[in-house]
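What follows is a set of structures to go through.
In what follows, chain A forms one complex with chain B and a second complex with chain C.
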Partner chain A sequence: MIKNMSLPPPSAGRELANPPSDGISNLRFSNTSDHLLVSSWDKRVRLYDVSTNSLKGEFLHGGAVLDCCFHDDSSGFSVGSDNKVRRIVFNVGKEDVLGMHEKPVRCVEYSYAAGQVITGSWDKTVKCWDPRGASGPERTQVGTYLQPERVYSLSLVGNRLVVATAGRHVNIYDLRNMSQPEQRRESSLKYQTRCVRSYPNGTGYALSSVEGRVAMEFFDLSEAAQAKNYGTFATGGCDGFVNIWDGNNKKRLYQYSKYPSSIAALSFSRDGQLLAVASSYTFEEGEKSHEPEAIFVRNVNEIEVKPKPKAYPNPAA
Partner chain B sequence: MASVKKDPMLQVESTCGSLLYELQIIWDEVGETETDRDKMLLELERECLEVYRRKVDQANRCRAQLRQAIADAQAQLAAICSALGERPVHMRQSDQSVGSLKQELGTILPELEEMQKRQTERRSQFMVVLEEIESITNDIKGQGEHAQSKPLVDETDLSMRKLEELHCHLQALQKEKSDRVETIRKHLCTLYSHCSVLGMDFNEVVNKVNSTLTDPEGPRSLSDHTIKNLDAAVQKLRKVKIQRMQKLQDLATTMLELWNLMDTPIEEQQEYQHITCNIAASEHEITQANSLSEDFIKYVEAEVARLDEVKASKMKELVLKKRSELEDICRKTHMLPVSDSAIDQTIVAIESGIVDATLVLEHLEQHISKIKEEALSRKEILEKVEKWLSACDEESWLEEYNRDDNRYNAGRGAHLTLKRAEKARNLVNKLPGMVEALASKTIVWEQEKGIEFLYDGIRLLSMLEEYNLLRQEREEEHRRQRDHKKLQGQLIAEQEALYGSKPSPSKPLGGKKAPRMSTGGAATNRRLSLGAGMHQTPKPNKKADQRQIDGALSTGRRGLDVAGLPSRKQSMNPCEQLQSPLVRKPFSPLPTTVVASKANIATPQQLLPTPKSNAVNEISAFATPVKDNNSVRNLEEEKLMMMQTPKNVAAMIPIPSTPATISVPMQTAATPFNNARLLPEKVEVVEYSFEERRLAFMLQSESLIHV
Partner chain C sequence: MRKELCRNFQQGSCRYGERCRYLHPQQTKPNNPFGFGTQQQQNKTSNNPFGFGVQGGSNSNRPNQSQQPFQNTWQRNPSSGSGASTQQSGKQTQQADHKCTDPAACKRVIQEDLKNERPMWKLTCYAHCKHLPCDVSGDVSYEELRAMAYEESKRGIPLQSIVERERNLQNAKVAEFENFLRSPYRGAVTANQTPSIFPPATQVNSSPPGGFSAFNQQPAFPNTNAGGGGPPNPFGRFNQQPNAFSVNTPQPAPSGPSGFQSQPSSFGPGPAAPSAFQPSVSFKPASFGPGPVAPSGFQSQPASFGPGPGLSTPPQNSSIFPSVTPTPAFNSNQNNQTGFSFNSPVASFTSPAVDTTNTPSGTELQAGGAPVDTSIWLKEKWNPGEIPEQAPPDAFVHR
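And then the complex of A and B:
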């Protein structure tokens, strides 16, 4: 672990009040404010205002909520094990069902480019929904796309959608033409895919596996087009640590102090100043007693995330 | 005047008379009347009477005083005598007439004086005694210095008897005091002795009881309280002494036991002789200074602890030694060793004192003797196995030797190899019989023991079976080769007949020799030595073998087989060997002809994407796929393929190439496959994500609640 001499010892961050009472499946910062949307296995979606550390809204669903995302500051989407895709409106406290899958829905994203909600489910399909459509499941569904296996993770950037499924398949779609994948790939990692996230600059995506490795991939396969700028990114593992990596140098820049439980989810705020960390047991060792769920929000110091210039020896080594 | 020497009274009378005569003369002269003369004579008589009376009174008073004085003196004397209980020396009898008062007084007064003197003396004697009594009482009571008030003397009893009493009392007190002093002295002595033995500060201890006891100058407290406390202190210290003594004796006992256990040399033991000699001593026998002090006891404790540690480490050593003995035996007799983790945990337990090493040792000993017994029973068969394995070695050496075309060239040591080859041939001939005998012996052994005979974890009979199968296959192969050669010869002859020339004979594939696998001691190598020949040269019909190998193989072998799989997979069938004589390196690109001629490929066996195959080699080494226009890919087929996905294992998934792009090597692989082939044989191992498992668990527990 890097000992940064000039800064005070790192703390875990500010702990949010009223955390969920069962595992946290995901958390997201809003794009427009410091609101945090948290989905949990206790069947609830919660909206927190991080700056005042207060719970702004709570929605109870029929089953464990497996993912959530913002639409704008007034509404968001949530999906879960009751197979439903919901829109939730925060201020009013109301929700409506956009549609259903045949099996639990694992991921949800909202594409601003296409104006659609994209969901991935264990029924091996990815579905697109138009939230503006009149209520009634059939009308809002825009399309359904069969995947090779159960969908475990998805990520959007620009017009691209990356879908990671069981069996280590990766499908890359162009949202403008969903009839078939733009690329079909296989994860270069040997173990089950855990999570996929696209780079904000849209040049590629990062894949992580249950082994604890991350693979960095690019959409454009020609060597020339690959500027090979990986940037810095954060990863959280079941060991309770959050690491900040420098992709270019393939080095770890920083490691935050150990959190009480596995890192279930991470989210940077819109300006990158805050990092929300969900410390919640992710069932990697089956049923066992574990620390209670907690959400920490910490400030991100620039020095932690800035890649170190090559001229100096990297203390992380 | 007539000087008459007579009675004074007469003298007076004469004087009075003359005075009267004179008076009469006067009066006559004067001429006083008779009345006046009578009056004056009366007056004169009266005055004279008064004078007489005064004198008489005076004398009376005097007499009274005297009487009083006598009475007083008598009273005083009586009082003193009663107080003293004595009489004056010259005591007159009370009824004795003493004559005149003055005489009496004269007698009494000296007596009185004497008695008074005696009284004073007596009183002072009393004072002395009483003072002393007071003093000693004070000493005893322990009140220390305080204002000495004069003790009160009882004036009413100053008798000697009383004095005697007081003297006795005084003596008693003095005795008591001296008794107390003695007691205290004795206690202090004992205390001193205890303190010395226990290594405590005597003065400090005594001070705590009573500070006066340590003051060499001042008077010591002799009070009951002090003595009680002192006594209590002595008892307490005695208890402490006994306690420590017992502790020390326990420690000494432990020490002796440990010395006994570890055969400690006598020099080491001598150092602690002074402790162990006291092992059965009783309390009063221990008198040496500091022999029971806290420091000393700690010192002994430390030594015992050290000995304990030595014992523990010796135990540990012993345990480790025994364990390696056990492992040794297992290794020599090719039995699977005991699980290491169990013993490691035990060792940790010993170190932390949880488990008694002696028990573990016993257990290990038992285990060892059991294993030895088993080893003994295995001896015969093992010898035969060794012979068989070395024969196998020779067999494969012979194979290779036979392939070497240069073998008949005379070179250095050529005669040795010739000899060896002959011996090897003999041995090979005996092999079947050897295997047969070994198998039957093993069966008998297994029947007797009721368990399988395992050689390094694998059933010996399976190994033998496998060997037999391989042998058969090899013989078939040889036969086929011979047939083929014959055929070849015929073809050439025909060609010659047609064209009059012989084409250059194709180099046999055996030209590329793979390095011989070493036939070192390890059993795994041995097992492969037979198969090694098969691996290195991509002979045809390996696929058939492979399938059978799958059936009979043990896990250990499988891994190595797998490594060879790809090479075999891409190997060519007999027909093609002629056409493309080069041996294809594993993982190199497939020539298109292979794919195109897949119809020629006899059996589907070569294309097994075995799920069990851990592609420990990187997937990146896979062949780039070729655009296969023939393949019709539909999702259903893909689905079917995907169902075979093993759990958490990188599999060689035959994903068809995407039409739009050329796949990067590491990302895709394409092998043609046969649907029907896959399904029946493969074990369906489905992977699940943590969330799927968690949901299943949650639903299960919810349903249990609702039931």
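And then the complex of A and C:
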């Protein structure tokens, strides 16, 4: 079982010390600082301070942690294979269980608009929780919403929640009225959905699939005709590459050098100056030996992410 | 081409990619002895969203080049020349305009998709027409597969078995796609139930002997099938399995008195499909008799198995798949049913395939056994060889 140790080029970014010892399921920058929250299959959630490259906190859960998110700089939420939804308080090292799903919980988001924690699980439900209720699940669970299939990815923007499930289903909810989805769709991609992320401007969302494609969708179909303001976004794949795209012009702007392993997660810092890259085998080839996990934080140059002016077509060769 | 190292590539990226005059040392992926692997590395890229291109548009005709920075060498239509973007958009509109009015047209779309654009990840769902429901469903995500592997590992199942199970799962799914590709297009077959593929949180059963490992059934599984037409058929595809054994081996089963009720089930006929299950079954050679047994007189009963010796209660699961428990016809004279892990209680019933009900509809497989004295089901313990192949009549099945 000999692995080629491939060293990434220095430009890959600064490698964080004390990375997780097993697969990284997600990583997120804080909205208020350069803290990075990382969830891992080694059952731990870790908080890093990127500016000092130090580990600020570590929480051990009962099973693989499949997702995490910040609440504010002092606390966050984490979910995973032990079916529990937890709030973790960083400085104190304390954790509370908000509640449980019936199967592993795959995604967690915190909605500032609603003041609620939203979770999606392989038990085919999305649940909303009120984190202020410290005691048992009866008090904290606000609602549970059945999905057509196992939930694979969630994204929030404003009052909207986008839920992507197995079987290519997409449900779009208005958080103010969760009794039924605002829209029910099937993915416009042909293969299994991997990830959904809403545009920061709230006009739509991007969906990615295992075929390696990204679809850009709008909430309001009448806006689709205007097709502006996609903005730029980054994608990371199992090939170890991170690409930066201009959605508006439908062009790739930049590609970073290959990372040692699959790109498991990406996160931009609040000011867009940093990009955290989780280089971590994502099991796309099943159980096998793989490179050790690593987190790289790189500076993002404006030139890499700024959309270019529309290119004129090349004259015929 | 000069042999100097390319400075831009060293620093992160080079716009010229393969065309660059300087050297781009490529990192190689480590070889892995494990893992079901990727036999074909086609289009295994993350940088080819539909319609997106690279500035300056390179038009290489090698669809498998995926690791060149800035090089979008993939093309939907390799025969096109420099008009790649118009060609792509032409093809794009053709597919975007696709309406499912003509099954032959649908078939063409499917064939093209599955030929050119199969993802690396095989446990995927698929729809030939965007925004439409899946034609092939029952997908499994990387994380679910990983969770299963970790769960099994925790229960002491050896790595080799885990890998084998994963490989079998993948093979089954690939076979499903092959079958779908081969059969005429009949419209999207939506699954009426979803796979229940990972172990319940409260796992009470120990792992079956012999390292038999695959998915566990949720005890709650029946509840997900409310209001469907017909009995839940999570192993719908699996039903084809007996075909592999029974059709080709006309040995008579041990006889018994008649009176056995028939329970029709819908099995796919696909001769190719059962072979997909060969691998999934073959890793348990000890459990099956050396001579696969199938009674010559087939009735419309699927092969099934009753509670194993030593189990006094019938498996709860029998209510879930009343007639579709997949087993190749086993020689009931064989003295090894104790090793048959199917007989262990419900929650550890395992199936190597992710259940999906996308079998070609409307086809029946004749399987079954010789008539059986139904009083056999009244016994509390069975001697090896006594348990009939056929499913017990409904009257004996606890619901």
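Just so we're on the same page, the second predicted complex is superposed on the first by the 294 of 317 C-alpha atoms of A that agree within 3 Å, B and C clash if a C-alpha of one lies under 4 Å from a C-alpha of the other, contacts with A are read in each partner's own complex, and residues count from 1 in each chain.
Simple rule for what comes next: contacts are C-beta pairs under 8 Å (C-beta built on N, C-alpha and C of every residue); 3 or more make two chains touch, one makes a residue touch a chain.
Since this is a predicted model, take the numbers as computed values, not measurements.
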Discussion item. Of the two partners chain B and chain C, which one touches more residues belonging to chain A?
Written reply: C
Worksheet item: Which of the two partners, first being chain B and second being chain C, lies in contact with A:Gly93: first, second, both, or neither?
Response: neither
Discussion item. Applying the document's definition of touch, where does A:Lys288 land relative to chain B and chain C: first, second, both, or neither?
Written reply: second
Worksheet item: Between chain B (first) and chain C (second), which does A:Gln255 come into contact with in this model arrangement: first, second, both, or neither?
Response: second
Practice prompt. For A:Ser188, select first, second, both or neither according to whether it touches chain B, chain C, the two together, or no partner.
Written response: both
Practice prompt. Tell me which partner A:Phe241 touches in the superposition: chain B (first), chain C (second), both or neither.
Written response: second
Practice prompt. Please work out whether A:Gly272 is in contact with chain B alone, chain C alone, both, or neither, and reply first, second, both or neither.
Written response: neither
Practice prompt. Quick one: classify A:Leu221 as touching chain B (first), chain C (second), both or neither.
Written response: first
Item to complete: Please indicate which partner A:Gly115 is in contact with in the superposed arrangement: first for chain B, second for chain C, both, or neither.
Response: neither
Worksheet item: Where does A:Leu146 make contact in the superposed view: on chain B (first), on chain C (second), on both, or on neither?
Response: first
Practice prompt. Starting from the residues of chain A touching chain B, keep only those that also touch chain C in the other complex, and list them.
Written response: 23, 25, 41, 64, 66, 81, 104, 106, 122, 149-150, 152, 166-168, 185-186, 188, 190-192, 194, 210, 282-284, 286-287
Worksheet item: Which positions of chain C touch chain A when the two form their complex?
Response: 9-13, 26-30, 32-38, 43-57, 66-67, 69-70, 72, 82, 85, 113, 117, 119-121, 123-128, 130-134, 137, 139-147, 149-150, 159, 162-163, 166-167, 170, 191, 194, 198, 201, 220
Worksheet item: Touching chain C in the complex: which residues of chain A?
Response: 1-4, 6, 9, 11-12, 23, 25, 41, 64, 66, 81-83, 102-104, 106, 122, 124, 149-150, 152, 166-168, 185-192, 194, 209-215, 235-239, 241, 243, 245, 250-252, 254-258, 260, 263, 282-291, 308, 311, 313-314, 316-317
Worksheet item: Quick one: in the complex, what on chain A touches chain B?
Response: 23, 25, 41, 64, 66, 81, 104, 106, 122, 146, 148-150, 152, 166-169, 182-186, 188, 190-192, 194, 210, 221, 282-284, 286-287
Fill in: Touch list for chain B against partner chain A, complex
619-620, 635, 638-639, 642, 645, 648-650, 653, 655, 658, 660-661, 664, 666-668, 687-695, 697-698
